[in-house]
Structures are given as C-alpha cells and as structure tokens.
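Below you'll find a set of structures to go through.
The following pair of complexes shares a single chain, chain A, combined with chain B in the former and chain C in the latter.
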Partner chain A sequence: MILKPSREDIKLIGWAIGRVILGVGLIMAVPLAVSLVCSEWNVALDFIIGMLACVVFWLVTESFCRTKKDLKWSHGLVVASGGWILAMIFGAIPHYLSGHFRSFLDACFDLMSGYTTTGLYLLQDLDHCSHGLNMWRHLLTYAGGQGIIVIALTFLFAGTAGAFKIYVSEGKEEKLLPNVINTARAIWMISLSYLVVGSAFLWLALLREGMPAGRGFLHAIWLFMGAWSTGGFAPQSLNLLYYHSLAVELITLVIMVIGSFNFALHYAVWTGKTKEIYQNIETRSFTLTALFGTLVLSLGFEKLGLFTNLTEFFRKGFYNLISGHTTTGSSTIYSVSFYRDFGFIAMWAVILVMAIGASACSTGGGFKGIRMGILFKYLRGEIRRLASPESAVIAEKIHHIRDIWLDDAMVKGAMFIVICYVFIYFVGGLLGVLYGYDPSVAFFDSVSAGSNSGLSAGLTGPLMPAALKVYYIFAMWAGRLEFISIIALFSFGGALVRGKKGRKR
Partner chain B sequence: MREIPDSADTSRELSRWRTIFGYIRGMFVEISAVAAISSAALLVMFLVRIVVR
Partner chain C sequence: MRGTAVLACLVVIICGCVCALLVLCTGPATGMGQEVKVKELVENSESYDGQEVIVEGEVVGDLMIRGDEAWITVNDDPYSERSLEEGGDFAGLSNYGIGVWLPRQETEAIRVLGSYKNHGDRVRVRGIFHRVDHSHGGDMDIEGISLQVMKPGYPIRHSFSYWKLALVLALASMAACLAIVWRRRIGKTG
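Right, the complex of A and B next:
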C-alpha cells in the first residue's frame, strides 16, 4: 500500500490512466463511423467532441506525467479503479450530448452500467435512439466485458512489464498464456470469434422473423454484444420481448451462458482440453445452482399456477432465471412482472441466482462460481472433519484447469469477497426500503446492480432518487472490480492527504 | 536470407488448420454443455410438476 505517494507515483498513475482514456476515445471511432454511414450528423458531432476530450486528456498526461518508472501492484490497483471512474466521465460525454438523459449523472449511470456489463439504464426514449448511440451503448458492454484495461493492454501497453498488475487489478486473475499481453489478445480472439458466429446466427433468425437486412444486421450485432458481455442491453425498450422470437431467445441464451464462462476455461476447451468443461469447478457450480434455482422457480410458479406450459416456463421463467444467473439482464417479460406476476418465491429465486452470478475471469459479476465451489468444499471438509477421528487428515481440492488443494488463505479470500458483495447488496436494499420501495423490489434491484446483472423489478428509472443512482453507480463499479482495487483507491486518497500533512510538519 | 523448406511450410499450414479445427470443436463442446444444462433444468421443472400435482 502506498503510504505517502510521491510526485513520481502520481505521474505514473496519471500516465497509465491517460492511456486507458485514449483507449476509450479510440473505441468511439466505431459509433462515429456508424453515425456517419447512417447520416446522423448531430450524433457524429457528439462523438467527435467525446473523442477530442479523450485525446486532449491523453496529450496532457503524456506531456506532464511521462516517467521511466514501471507500475507496482499498488499503482495497478489505483489505475484500474480510478481509470474506470474517469473512463465513465469521458465516455458519458456523447451520451449526455445526445439529449436522451435528464442529467449528466444519468449519463454516467448508463456508462458505468455499460462498462460493468450491468444493463440497467436511465436513457429516455430508447426506441427512438440513433444507430450511433445504440452502437456506443452496446460496444461499451462488449468492451467493458473484456475489460477496459484489457483493451488498453492489447493495443496501448505493449512491452510494459507492469501491465500484468493493472490486468489483475481489473478483477481478472487468470493468465491464459505466460505473457499478459498475449493473454489479453487471447481473450479478444475468443470474443471476436464468437462475435462473428453468434451475430451471423442472430441475423439469420431476425431475417426469418421478417426484419429488414440492414436493421437486422445491426440488431444482431447489438443483441450478441448484450448477451456475450452479459450486459443485457438491447436496442428496444422491451428488450428481448420486442422480438417475440423463440429462435432469438434460444441463441441469446446459449451466448449468455457461454459468455458467463471463465476465459481460462474457454481457452482450455479451445486448445483441446475438452473434458475441462465437465470437470471445472465453475461449470459444476453453475449447473448445480442453476438447477436449484429452477427447482425453486418451478415451485413458486406451481404455487401460483403460473407458466404451467413447458414452452412458457422455458421462455418466461427459465430464460429470465438464467439471464439473472449469468448476470446478463436480457428479459422476455416486463420489468414489473417480476414483482407483480412472479410472486415472492420465484422472485427470490431470481435474486438468489443473481447474487451468486457467473464465473470468475468472465464478463459476468456476482459472488462467482469458483468462490461458491471453494466455500462448498470447505464446508464439506469441515463436516467430514467433525465426523472423522481427531487424527484424520482431511484435505479438499477443487479442479480449475488443474487440481488445486484448498488452503485457509483461499477460503478466507473467497469469504471476504462474498461478505463484501452481501454488504453492498444489503446496503442498497436498505436504501431502497428507506426511500419507500417494497423490500422485494428494493433488494431485487440492489442485488442486480451489485452483481452487475441488470434485471429490474421496476425501481431503476430516470425518476429514481439521485442518492440511489449514485449508490448503484458505486455498487456496479465495486462489484465489477471486486472491491480490492476500490479499497486501494480509497487508501491512496487517504495516503495523499496524510502525505501533505507530513510535508507541512 | 534463409530459405524455408517446403516441408516446414506444410507443417505450419497443417498446424494452423489443426488450431482452427480445435477452436470450432471447442465452440461445439461449449454449446453442447449449455444444451445439457438447459435440458436438465427442463427435466427439473417437469419433475416438480409431477410431484406437486
């Protein structure tokens, strides 16, 4: 931890964040191109202004913060957490200029929701949104899912030894390949391959539903990005309900589940270790929790006599449950239906699976499958220890790419992160209740924000209290970066203040 | 400049195709896993209906 950051430390952090912001500016080139092709001149101007702001910030940091020092762990943590906040502010410029938001805070909310692949939004009149802005919204989730830092690493940090420290600080601990830059590129290779295949299938499905080729093509790409990144954004306010298409629902279901898998698992399976998918602790954990969620959901529906038809259950119940579990947030029902129709049991089944979430080192959020696996194995070990003679040595192992023996440090680490998640879920729920919302609705949306899911029971909207908007932004940010980087950023801020006091003495 | 023998070219080409085939097989394995999970979930729903009614 940096106790008294020096001028060099601040310059180094500023330089690295400048590169991240340049990355954000470069990504804006894609929606800019789309708006130019679609003759959306005002929208194009919004993106040009946004890009200019990013480039100016980068030029300033390059001029004043360039240093020969390399990043340490503490710098990496601060760059990751601080970089996301600044990326949110700069990325929100085209959003705010579009006129679809009540305030800059609302624009920032949508940006953080996009980057963190949450999918909650405060944008108004989504159905009349420009193609350029829609491309920007969906690209945000696609880029954020891989990690903004991963993008910067792929293109802008080549040859920097400290790159690994920022990569890990973004909540991705896996090294697919020995070199972190190659790891970042492997993540992109997997994502882009699925982008081509998934978008092609969705396009065909949309053409079959009668959508014009051009519009269908854009919708296919956007729906893919929303599902793969487990972001859940869609170009229509009714989300997946707009399409009324079983084919689209099936394809997005497959994409979002695969998108919620660990990138290390993808890489292992793609490079020949096909058995890994059945042996991996995260796929096993996901299967068990998904089946348990389905059981509770079915019981809830049976109690109310709801969705008794198997197809209806699959499309309205299971789809939304898996959408919550993979922390995607794509939905085939109206938001209020979770509260009005699902009933208490089914609604809390969705809350439970949202809280658990997807895999570590994936585009998803929540506790993560690996932590559920670790805690389950630990509990099983403790029970076996109680039932065995005192002299017996009980050891538990998990399988994630290789066999890993459980130790106390792993269990404590998993427990700490799970407690942090429960804390942000609880505080958000409590805040909602204090503002007068029904407890189920308040906890549903709070868990959705903290786990980066994006399903809403109707609380999240442009008219929600500003304090809740700010808290949800914090919850989405903290949940995505898994707390450690956030704690490091606050410690860095505290150390800065202490440092100044020290010099005065 | 050193000349690369033809056999090296062929083996590199073969290795590239093997890699691409591996990726396609990987995609199929992952899609099958999702299908298996979904089928199991539908079975759970079906069993609940039978037991509860």
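Right, the complex of A and C next:
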C-alpha cells in the first residue's frame, strides 16, 4: 500500500527547498557585484530581482513550512531533485531578463545546463553579453559542479541531522569527513584553492597571448570555472578557439582532468596519500578508457588525412576527446566540424568517451569510472570463475580510497545506473532522429546532454524543437542526479495523487 | 590562303586572352577574392580551403597582439548589424564569427571592439581561408592580407529600465511584509 505523504512531510520538503533557493539567491550577489563594478545598471537590476524572488520564496517557506521533524531518506531525495528544478526556475530569472533568450524555456535550458555542468546553451548573441551575465553563467557551473545542495549545506543547514540524506541524494556518496557539513565545506575548500591557483596560471597565459589585464582577469576566472566544474562554458561564442593559444589549451586541459576526479581522491591526496592517484580504480579506469578513445580517434584521423602533425592531433583531436571524456565540453573546433571534419570513426570515439564520463562524486557526469571499474572486474571475475574448478572461490576487489570486495549488490547497483544512462542516451538520440537529424548528430548531442558533457555537433541551438529542449533539460537533470532522486520525486508525486492516508498516532 | 590562316590564329589568340581575362576577373579563386559569409565558409570548409576570400562584419572581443601579428574575431551574423543589446531581433543562433590572423599594422585602424557596451567597427577583411591552418595548430581561420574599416563602431546606449526598478520595489515590499509575518510566527512558536 502506498501511503500519502502527510502535511508535515510536505512542509518539511518545502522548508528544505526554501533554504536551497536562498542559497541560489545568495550566490547571485557575486554577478551583482560584477555588474555594479562594470556599471551595467540594468544587469544589476536583473540580479536584484532574481535575489528578491529567491528571498520571497524562502520567507514563504520559513513562515509556513517550519517544522520540528528532521529529514528522512525519502525527503532528502525529493529535496535534491525538486530543489534543482526550482533552483533552475529562480536562477533563470536574470537570464531571461537579460534579453538574450527568446523564451523562458530557453533560459531554463541554460540554467539546467549550467547547474549540471553540461555546457550546452541556447543564449543568443553571446559576444554582446554583459560581464555580469557571463559571471552568472560561469558561477552556475562552478557552484553546480560542487552541487547546489552542497552550497546550501555549507551555509544554511548547520546542525541538521538529516543533512546527510540530501547530500547523498545529489549524486554524491563520499563522506570526506565524519560530519557531512564539514564534508561540504572541505569540497568548497578544495575548489576555492584550485580556483586561485588555476585562474592565476590562466591569467598569465592570457596576458602573454595579448589580452588586456582587466578582461584577461575575468576571462581567466571564467575559463577556470568552466574547466574545473567540467561545465565547458566560455565567454565568447568561439569557445576555446577564440584564444588561439596552446598555453590556454594546456592549462584548461590539466584543470578539466583534475576537476573530473573524485573529491574523495582530492582529499586523500591533500592529506598526504599521494599513492591513491595510481591505485584508485577511477584514475586507472579513466586512463584506460582515455587511451582506448585516443586509439580510436587516431584511427579515424588516419583515414581522414586532415590533421597532419602531432600538434594538430593534440589541439584538435586529443583536446576535444579529453574534453568529452571529462564531460567538460570546452572545444577548439566549430560544432559542425565534429560532423563535417572529424569523420564517422573519430566522432563516435568522442561519443563513446562522453558516455563513459568522469569520476563519481566529482563535477563530471556519464557512467563514471568507478562503475566501469566495477563492471570490468565483475566480468573478469565471471570469466575466471568459468575457467576455474567448481569448488574454487573467486573474489574480485576494487581500490577506491580503501580496498572494497565486490558483491552482487554493488554490481547490480552499478549496472542499474549504467542501464539508466544508456536509456536516456538512446531515447534522446531516437527523438533527434525522429525530428530529422542525422543519427550521428542526434546521438552525439543526446549523449552530450545525458552525460553532462556539453559538446555539440550542431543540433543544440535556439531553433531546435521545444520537445527536444524539454527532453534535454530532463536528461541533464536526471544524468546529474543519477536517477535515484528523480525516481523518488516521481514516486512522491504519485503518492500525493494516489496514496492512501496513514493512521494518525 | 596563308593570310587567312594567320588571321584565324590571331582571332584564336585574342579570344583566348579575353577568356583568360574574364576568368581572372570573375573566378572564385582569384587574387581579388570572393565575398563569403562565415557560416558558408565553416559549413563548406573543404571547397574554400586555401582560397582567397573576403569577409565583412563586426570586430568583437579582443585585439590580441602577438609580436608583429595580431588575432581579431570577425562576426558576420545578423547581430553584427544590430545586436540584441541595441534591440536587434532574435536570429536563432549564438554568433557566427571567425578568427583572422593579420599583420599588426593592418589592425591599427581598429578603434572599437564589439562587446556589451560597444558595437564594434565594421571591417572588410581579405585573406586566405584555411580549413586547417598548419601554422596555428590546425585552427580554422583566415590568414588576413588586408583590412579596411567600413563603418566605425559606437557605444551602445542602454536606457535605464524603470519597469525593472518598479519590480525591485514591489518585490522588496513583499519581502519586507513576509519578514514581518515570519518574525511574528517565530515569536508565537518560540
């Protein structure tokens, strides 16, 4: 029997989502400050409106949804998934008011793409965008990379015992420290430290390449945010091609690879366990799949004969491949070049690595390295079992911070998530084909959206069908939260409509 | 008979010269170059590879000087005529632009670069289009020969949005009322 959620359950979920939305409003203070410094008065008003809308929503939930109940697992899941949807709507207010979006749906698309660190966008006339709006776009990916729930946990959930439940519901299972709020703060400390160092390197590189100091500084921060969060946004429409710089490409490549690593791995390295880099199943899995992808890419390029030397292979092939594998989406070629210049084999090499994606509990998306590792070890165990005597006991283990013995539940869990990803990739690709796009282009963009990569072969744009926009928003959201929270949200909705009232005690 | 043959030869030679002249003046890969849109270049890069082309559009972003040369970005999409910040219509795309690598002195005429606050200079660039520029790590770009400023850029006037200010005031009042309600409710429940 499905029980109808009680009034207290709804109030509790509303109260927690209110805090998440307040977090969204608070981070709008950064682009607001930038627009004020740059004398962009109308843009500043856009952010004040966005912030006030968030504050009004928070005050409503604080006034009418306050309860003494603490969060349970089911609440945490609904707060995470529902919180992301409402955060998208509230965050899209400054986007829409900027006048660079044809519809509110387009603004919501860019917001979801930003939060989920995807990097696909429908914004029009990017090259005439304000600094304030550009700061907001990039800050979204930076904040979304850590997880907007992590932001709320860092500042707004102190002392809540149920905090761990919404933290886990955002697709992060690692507890770096015993206390989840300290874990959230540790994630921020790691990200902010890299922000300072990475932006400094990029600024120096941009100065060397002839950019003025002021704009160079802003571009450095934005490029860092885009690469570290594996978001892939850039302040100019040509993306990384705009800079024509090997130095900038090298630095962003390093940042995106580091950004795609598990926060638990970062924390282990920070606390002196440097061997973890070589031992961790995710770094091993990433290295192997990246090598395989590079091999396929080079076979494709060999057939083309277009990029004829190592520098070109590195800057146009390897860079975009790793950008796809880390699910960043920064690009050094035009979107249509994936389809017109890469050829079938190289294009599908990029699709394959995008589908696999980065590490769990990182800023990236896709199947994740740990699941690839689990499935590979499981397959190896099965083959060994078949080749061994019946009485032999075969067990496989993976190393992720510590040694973990594989069991059926772990394999089933990994398999379930991978199947869910394949399903959303396939449905998106099929939809694209039904709308008349070339299958390679349709699957390229669908995998890119579902794995939160952000590379495009030219399908994604303001003129794409509205149904595809809605589906891509769903795919980005579901892919980022790894399905469980989404299933919980739909179950909660179903229980609200069809559930039976429980007895009052 | 001999005179007729000489005359025929002369006619053939003159016709050949006229034809060659016509081809040189009107052909696609001549020294003068043909005017082409960036979208057309990017989508048909193979057929334009190595050809001399002319692109006319707005200079946006930054002028990145590197030694005796410089990079500029030229957009020739509808927003290069009238950007959204100036009240231009939605064209259903982000931007269409291309990087142009030019001798530094050619860029000295550029005064205004397109951005949120400015509409950039409208320039006419003549150069060689490269599908894969081997001297720039494989970038798709134009190796510029000459640049001419067709129309100077200008500052974009952003008139203050009073309806947004009114919305700010309305939301602030709503927030203030709700804050009072919240304080009272907290007071009641402790």
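One rule holds for everything that comes next: the second predicted complex is superposed on the first by the 496 of 505 C-alpha atoms of A that agree within 3 Å, B and C clash if a C-alpha of one lies under 4 Å from a C-alpha of the other, contacts with A are read in each partner's own complex, and residues count from 1 in each chain.
By definition in this document, a residue touches a chain if its C-beta (ideal position, glycine included) is under 8 Å from a C-beta of that chain, and two chains touch if they have at least 3 such contacts.
Quick caveat: nothing in here was measured; it's all calculated off a predicted structure.
J.: Considering only touches as defined above, state whether A:Thr308 meets chain B (first), chain C (second), both or neither.
T.: both
J.: Check the residue A:His244 against both partner chains and state whether it touches chain B (first), chain C (second), both, or neither.
T.: The second partner, chain C, only.
J.: In the superposed arrangement, does A:Leu253 touch chain B (first), chain C (second), both or neither?
T.: So A:Leu253 only meets chain B here.
J.: Looking at A:Ser6 after the superposition, I want to know if it touches chain B, chain C, both of them or none. Which is it: first, second, both, neither?
T.: neither
J.: Is A:Val60 touching anything from chain B or chain C once the two structures are fitted on A? First, second, both or neither.
T.: second
J.: By residue count, which of the two partners contacts chain A more extensively, chain B or chain C?
T.: The partner with more contacted residues on chain A is C.
J.: Contacts for A:Leu295 in the overlay, against chain B (first) and chain C (second): which applies, first, second, both or neither?
T.: Once the two structures are laid over each other on A, A:Leu295 reaches chain B alone.
J.: I'd like to know which partner A:His131 touches here: chain B for first, chain C for second, both or neither.
T.: second
J.: Do chain B and chain C land on any of the same chain A residues, and which?
T.: Touching chain B in the first complex and chain C in the second, residues 308, 314 of chain A appear in both lists.
J.: Per the contact definition, I'd like the list of chain C residues that touch chain A in the complex.
T.: 42-43, 45-46, 60-66, 70-71, 73, 75, 79, 83-85, 88, 90-97, 99, 101, 114-116, 131-132, 134, 136-141, 156, 158, 160-161, 164-165, 167-168, 171-172, 174-175, 178-179, 181-182, 185-186, 189
J.: Under the touch definition given earlier, write down the residues of chain A that touch chain C in their complex.
T.: 40-42, 45-46, 48-49, 52-53, 55-56, 59-60, 62-63, 66, 97, 99-100, 102, 121, 123-131, 209-212, 215, 236-238, 241-244, 246, 306-309, 311-312, 314-316, 332-334, 336-337, 340-341, 461-463
J.: Where on chain B does chain A make contact in their complex?
T.: Of all residues in chain B, those touching chain A are 22-23, 25-27, 29-31, 33-35, 37-38, 40-42, 44-46, 48-49, 52-53.
J.: Mind pulling up the chain A residues that touch chain B in the complex?
T.: 193-194, 197, 253-254, 257-258, 261, 266, 269-272, 274, 277-278, 283, 286-287, 290-291, 294-295, 297-299, 302, 308, 310, 313-314, 317-318, 322
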